[in-house]
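Each of the two complexes below includes chain A, the first together with chain B, the second together with chain C.
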Partner chain A sequence: MRWISLIVIALFFLIVLIPITYILLNPFCYQGHFSFYPLKELILSSRQINLLKTSIFFAVSATSLALFLGVSYAVLLERVLLPARSFMAAAYIIPILIPSYIQAIVWDSFFNATRNLFYISPFWAATLCLALSYFPYITLIVVGGLQGIDQASEEAGLLQRGKFPTLIGITLPLVRPHIITGALFVFVFSIIDFGVPDIFRLRVYPVEIFVQFSGLYNEKAAIVLSYPLLIIMAFLILLQMKFMLGKNYIGFSHVERRIFFWTSGQAKFIGTIFICFILGMSTMVPLVILMGKAGSISIFVNILKNSWYSLCYSILLAFFATLIMTILAFWIAYSLERMSQGKRKFLGEYLTQLPFVMPPILLGIALIRIWNQPFSAWFYQTPLMIIMGYVAHYIPFPIRALSSAFKQIDPHLEDAAYLTTQNRIRIIVRIILPLIKKGILAAFFIGFVLSLSDLGVTLLIIPPGPSTIPIESYNFMHYGAENKVAALCLILVIIQIIFAVSIWSIYNVICPANERQ
Partner chain B sequence: MKSPYWFLIILNIFFISFAISCSIKNENQVVVYTSVDQVFSEPILKRFEKETGIKVQAVYDVEASKTTGLFNRLLAEAKLPKCDIFWNSEVVRTIVLKYKGIIYPYKSPSARDIPNRFKDPEGYWTGFATRARILIYNSKLLKGKKKPESIFELTRPTWRDKVAMAFPLFGTTATHVAALWSYLGEEKAKQYLISLKKNGILIVNGNSVARDLVVKGRVPIAFTDTDDANSAIQKGKEVGIIFPDQKGMGTLFIPNTVAMIKGCPHPGEARKLIDYLLSHEVERNLAFSESAQIPVRSDVERPNNVSSWSSLKAMEVDYETIAKNMEAATIFCRELFVR
Partner chain C sequence: MISVTGISKSYATGDAIKNVNLTVDKGKILAVLGPSGGGKTTLLRLIAGLERPDSGIIELNGQKASDSEKIIIPPSNRKLSMIFQDLALWPHMSVFEHVKFILNGVELPKSQILDHATKILCKVHLHNKLYHYPHQLSGGEKQRLAIARAICSRPFYLLMDEPFSSLDVVLKQEMMDLILKLKKDYHMTVIYVTHELQEAAYLADRVVILNNGRIVWSGYPNEINKWTITDIGKFFRRHK
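Our next item is the complex of A and B:
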C-alpha cells in the first residue's frame, strides 16, 4: 500500500508539480544568478492595469451569466417536475463536449450573419459564448448539492412559508457552497481564456502574456506577467476549498426521493421553455450552424477519409492520458479523503488543484525544458510527451470527481472490512472500487473530453508525425476551408457524444438500477 | 472482475513495448519544423520522401499560435535540439534564431542562383518562394470605385472604418510593420500606424481572418499575404489583389526561409532536404500550388496568375534591419493596439 502511494506521489511530482514549480521559479534565475530583477515586469503600466480590469470584469460577467443559467437549470431540474426530465438531466452535458473555441467560432459567424438585425459588442459576445460553454459545470455541481441537502428543512419550509420563499430562503442558501464553487470554477476558466476573447477581438490581460511570449520572445516576462493571474486564481482556489471543505462537488449517490416544489401549472411551463431556450442556445444553435457550414455529406466522407489517422491518434492519446490520469487521480483522491483535516490535507488539496490555473503555453514550455534531457530522450519525441502534458494539465478534474465519490462512501465500511483482512489492496478492490464505479466513470469521461479537445499543450509538445484533430481544425481554419473546419468540429463533438453514451451504457451495465437503489 | 492485476499487467506490457518501439531510432530520417501551412508543405515533404527514401518527420505550426509556437519550441529545445530543419514561412524569426545561436550555417549548392538579397551572407538562412504583403479587396463592394494604390491612402477619410488588418504583433503583419519602421524611419512609421488607428482600422486575429472579412463583405479591403488572397481567389470568391505602392516605396516581399539547426541530430539528411527545398522544382510547385508563391528566380516556371518577381517593384529593405527593428515596432504596436 505504502509503495503504491509513494509511486503515485513520485509520478505526480514528476509529471505535474516539477513543471509547475519550474515555471514559477524560472524568472528568478536571471543571467545564471538568483535575482529579483525580472520582477520589474510586475510594475504594471496603466494600460496593463486596464487590461487586467477588463479581464476581471469579463470573467465576472461571464461567471454571472453562467451562474444565472447554471443555477436556474439545476433548480428547474431538481425542484420542478418537468416533462422529459431524464433527457434534460443528460442534455446539459452536451455543451461541455463542444470546446469553447468552437462555440466562439460558431457564435462569431452567427453575429456576423445577423449584424444587420442587431449588434452585440465583442465584450458581450465573448461573455455569452463563455457562459454558454461553462454553465454546465455550475449545473453539475449545484445538482450535486441539491441532491445532497437535508430535505426535512425544505419540507418544513414548504409547510410554513410556501414554495418560492422556501427556494430563496432555504434551498439556495443550503447549496451556497456549491454555487460559489461553480462560480469560482467558471471565473478561473474565463480569466485565463485567451482563445475566445481573441476570436471576438476583445483585448484581455492574457494577450499581454502572449505578446511577451510570442511577439517579444521574453519567456521570463511572460511568466512574471502571469503571476497576477496565478495569485488571483490561487486565492480563489483557497476560497473554494474553504467553502467546499468536506462537501461533494458532484452527486453520485442515487436519490431515492425528490421534493418537487412545482409539479404542474405555470412554473412547469415556464421552466420547460427556459430549459429548452438554454439547450437551444448552447447546443442546438452551434450544432445547426456547424452542420450548415459543413454542407454536404461528401465533406464528412472526405474528412474521414483524409483525417481518419489523426482521428484515431487523437482518440488513442486522449484515452491513454485519461487512463493514467484516472489511475493517479484515484490514489491521490483516496489518500486525500483518508487524510484527517489539517494543514497537510489543505496543502494536498491546494497542490492538486494548482495545474488548473496554469496557462497551457507555459506548461508546454516547462515540459520541454524538463523532459528534453539526455536521460529522457527515449520518450521525449514520442506521444508519451503529449500524454504527460494532458495528465499534467487536466488531472485536477478527475481528482475532484473521485474525491466527491469517495466522500459518499461510509468510512466505517472500510474499517469493518479491515477486521476481516489487513490487505488494503484487497479492501480497495473488493469494497471501494465497486462503490465508486460511477465516480471512476465520471473522472474518465471528464479527462477524456478535455484531453481530446486540447490545443494549447499539444501545440508545443506534439512530436513530429501525425497531428491531432484540434490542430487539423486550426490548420483548415487558416486555409479558409470553413466547411472542413465545421465538419471536423462536428466529428469531434459526435465522438465525444458517442463516448458519453458509451460511458453511460457501461454505467448501466455495471450499476444496474436495482443495485443503484 | 476478481482482481485488477490482469489489467495492470496489460497496461505495463503496453507501456514497456511502447517505450521500446519509441526508443528504436530511425537514422534515415529528418525532422522538420515548419510554419508553412500543412496543405502546402506536406506534399513537398512527401515528394522528397519518395525521391530520396529519407523519412521526413514534420511538426506543423498553426495560426492559433501566431506562427511562433514552433519558434518558441526551438528556443526551449536549444540545449538538446530535436529538430534538423526550420522551414519558416517568413524571414524575420529565422534571423532572430540566428541571433539567438539556434541555427547553423549551410550554403546549399541549390541556392547559387538565388539573389543575394534573399540569402544570409554567412549562410545561416536562405530564402525562396516569396509572398507579398498585399491589399485584398472585395470586387463587388469596390465595383466602379477607385481602389487604393498605396497603403498610405488607407489613412484617408474615404477608407474610414473600411480596412482590416491582422494583429501587428505577430506573423507577417509584425514583419510588415517592422519593415515600415526600417524604410520610413521610426517617427513616420509611428505616425502612419496612429493614422490607421484614428481612421478606424479593424484589428483582427490573423491574416486569414482579415481575408475572410473581405470575402464576406464585412470590410471592402484588408492587408494580407498573397497566399491567403490566392486561396480565396482560387475558391472562386469575388476578391482581387492590389500590390501596393508600385509607384512609390514598393511592395514588401517576404520569402520562405530554411535553416539548419545547430547540433541537429541528422545533419546529413538535413542538408539533403535543404538542397531539395531550395531547388527550382520546389519553387515551381509552390508557384503552381493554391498559395501561388512568387519564385525568387526568374527562370522558374510559374502560372499566369503569379506575377514575376522582376515585374514588381519590391520595397528596398534589408531583412536583418527589419529583424533589428522588430522589438521596437512590436512594443509600439502593443501600446497602440492592445488596449
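Our next item is the complex of A and C:
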C-alpha cells in the first residue's frame, strides 16, 4: 500500500505540481536572480488592469447567464413533474459534449449570417457561447444538491407557506453551496477558456498569454500577465472548498422519493417549453448549423478519409490520458477521503484542485519549459507530452467525481471487511471498487470528454507529426475552410455522443436497476 | 374536525393504508399507535395533502380536502402544520427566522411580526435564543423550535409524527406537557403518531392502533394504560 501511495504522490508531483510551481516561481527569476522587478513592471501596468477588468467582466457575464440557465433547468427537472423527465435528465449532458469553441464557431457564423437582422456584439456573443457550453455543470451540481435535500425540510415549508416561498426561502438556500460551487466552476472555465475569445477576437487573459508566448516569444510577459488571474482563482478555489466542505458534487445514489412542487398541466407546459428552449439553443441549433455548413455527405467522406489518422490519434490520446487520470484520481480520492479532517486533508484537497485554475496555455508553457531538457528528450517529442498535459489539466474532475462516490459509501462496510482480512488490496478490489463503479464510470466519462475536445493544452505542446481533431479544426478555421471545420466538429461531437451512449450502456449493465440504491 | 372516510393508499412496495375511517373532534388529541411500517406516517401525510390517496375522502372542518386522487385543498391552505420525526429544522435559518418565515405568510402587519414571533418563542422558552441556529441548540431546544414553528401560524390542526422518539424520558415529559398546554391555549385538533403506549395514554383523548395499514383497535387511553408488553406482543400477533 505504502509503495503505491508513494508512486501516486511522485507522479502527481511530476505531472501536476512541478508545472504549477514553475509558473508560480518564474516571475521572480530575473537574469538568474530572485527579483520582484518583472512582477512590478508588468503587474501594475494599465494594460494589465484593463485586461483584468475585461476578463473578469467577461467571466462574470458568462457565469451569470449560465447560472440562470443551469439553476432553472435543475429546479424544473427536480421540482416540476415534467413529461419525459428521464429524457430531459439525460439531455442536458449533451451540451457538455459540444466543446465551447464549437459553440463559438457555430454562433459566430450564425450571427454573421443574420447581421442584417440584428446585431450582437462579439463580447455578448462569446458570453452566450460560454453560458450555453457550461450551464450543464451548474445543472449537474445543483441537481445533486436538490436530490440531497431532506424531503421533510421542504414539506414543512410547503404546509405552511406554499410553493414559491418554499422554493425561494428553503430550497434554494439549502442548495446555495452547490449553486456557488457551480458558479465558481463556470467562472473559472470561462476565464481560462481560449477558444471562444480567440474566435470572437476578445482581448482576455488566455488570448493575451498566447499572443505573448507564440507571437512575441515573450515567455516571462506571458506568465507575469496571468499572475493576478492565478491569485484570484487560487482564492476562489479556497472559497469553493469552504462552501462544499464535506458535501458531494455529484449524487450517485438512487433517489427513491422525489418531491414535486408543481404537478399541474400549466406548470408542466411552461417547464417543458423552457427546457426545450435551452436544449434547442445549446444542442439543436449548433448541430443543425454544423450539418448545414458541412454540406454534402461527400465532404464527410472526404474528411474522414483525410483525417482518420488524426481521429484515431485523438481517441487514443484521450483514452490513455483518461486511464492514467482515473487510476491516479482513484488513489488520490481514496487517500483524501480516508484522511481525518484537518490541515493535511485541506491542503491535499486544495492542491488537487489547483491544476483546474491554471489556464491551459500557461500549463502548456510550463510543460515545454520543464520537459524540453536533454534528460527528457526521449519523451518530449512524443505523444506522452500531450497525455501528460491532459492529466495535469483535467485530473481535478475525476478526483472530485471519485471523492463524491467515496463519500457515499458507508465507512462501516470497509470496517466490516477489515475484520475478515488484513489484505488492503483485496478489500479495495472486492469491496471498494464494486461500490464505487458508478464513480469510476463518471470519472472516466468526464476525463475522456474533456481530453478529447481539448484545444488549449494541445495547441502549444503538440509535437510535430499527427494532429488531434480540435487542432486540425483550429488550423482549418484559420485557412477559412468553413465546411471542413463544420464536418470535423460534427465528427467530434458524434464521437463524444457515441462515447456517452457507450458509457451509459456500460452503466446499465454493471449497475442494474436493483443495485442503484 | 378531521374526518377520514375509506382512505386507501398503496405504493409499488404494497398497500400502505387500507380503507381507514376515523374522526377527530375539534380540540381533541388522537394518538395513532402502531409498529414501524404500519402506515402511521402515510396516514399523516395523506391528511396533510403531501400524498394523494388512491381512494377515499378527507374532510377538514366539513370541507372536502382530498377526494380520491384529487387534492381539493392544497397543503398550504389546509390550516394545518406538522412536526416531523427528524424535526426538519432549516439549517440556514436562525430561531427567529424560522418563525418569521412562517409569519410572513400570515396576514400580519410587518411591524407586529417581531412582537408575535417573540411571544410564540416565549411560550416555548426560546426567547433568549432568537439568533441561534439549529446546530447551536440542544436537543430539547430543537424540539421546542419545531413546536414553535408549527404553532406560530395558529393552525387549526397539528400533525405530529413521532416527534419525541429521540428524547430522554425527562425531556419527553416536558415536551408532552408543553403540547397539552399549547393545545389548550390554541384549541388545536391534534393527531399524534407514536409507537409508545405510555405517550399515547398520557397525551390522547382517543387512541387508534394501526397495523399493516388497517385500524385494528380503537378506544380510550385508560383502556391501553393497563396493557403490559406481553399483552402488546399478543395483540399484534393476533392482528397480523
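One rule holds in what follows: the second predicted complex is superposed on the first by the 500 of 517 C-alpha atoms of A that agree within 3 Å, B and C clash if a C-alpha of one lies under 4 Å from a C-alpha of the other, contacts with A are read in each partner's own complex, and residues count from 1 in each chain.
Everything below uses one rule, namely that a contact is a pair of C-beta atoms (placed from the backbone, for glycine too) under 8 Å apart; a residue touches a chain by one contact, two chains touch by 3 or more.
Just so we're clear, the structure is a prediction, and the values are computed from it rather than from any experiment.
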Clash or fit, chain B versus chain C on superposed chain A: fit
Partner chain in contact with A:Pro165 - chain B first, chain C second, else both or neither: second
Which superposed partner A:Leu460 touches (first chain B, second chain C, both, neither): first
Which superposed partner A:Arg176 touches (first chain B, second chain C, both, neither): second
First, second, both or neither for A:Asp150, with chain B first and chain C second: second
Greater chain A contact set [chain C / chain B]: B
Chain C, chain A and chain B - angle at the middle CA centre, rounded to the nearest 10 degrees: 160
Contacts of A:Asn302 with chain B and chain C, given as first, second, both or neither: neither
First, second, both or neither for A:Arg47, with chain B first and chain C second: first
Chain B and chain C, minimum CA distance [Å, superposed model]: 32
Common interface residues of chain A - those touching chain B in one complex and chain C in the other: none
Residues of chain A defined as touching chain C within the complex: 150, 152-153, 155-163, 165, 169-170, 173-174, 176
Residues of chain B touching chain A in the complex: 3-4, 11, 18-19, 22-23, 31-33, 37-39, 57-66, 68-69, 71-73, 75-77, 79-80, 82, 96, 169-170, 174, 202-206, 208, 211-212, 215-216, 218, 228, 231-232, 235, 327, 330-331, 334-335, 338-339
Interfacial residue positions of chain A with respect to chain B in the complex: 47, 50-51, 112, 195, 198-199, 201, 203, 207-208, 210-211, 213-217, 219, 323, 361, 365, 368-369, 372-374, 377-382, 384, 429, 433, 455, 459-460, 462-465, 467, 471-472, 474-475, 477-480
Of chain C, residues touching chain A in the complex: 48-50, 74-76, 78, 80-82, 84-86, 88-93, 101-102, 104-105, 149, 153, 155
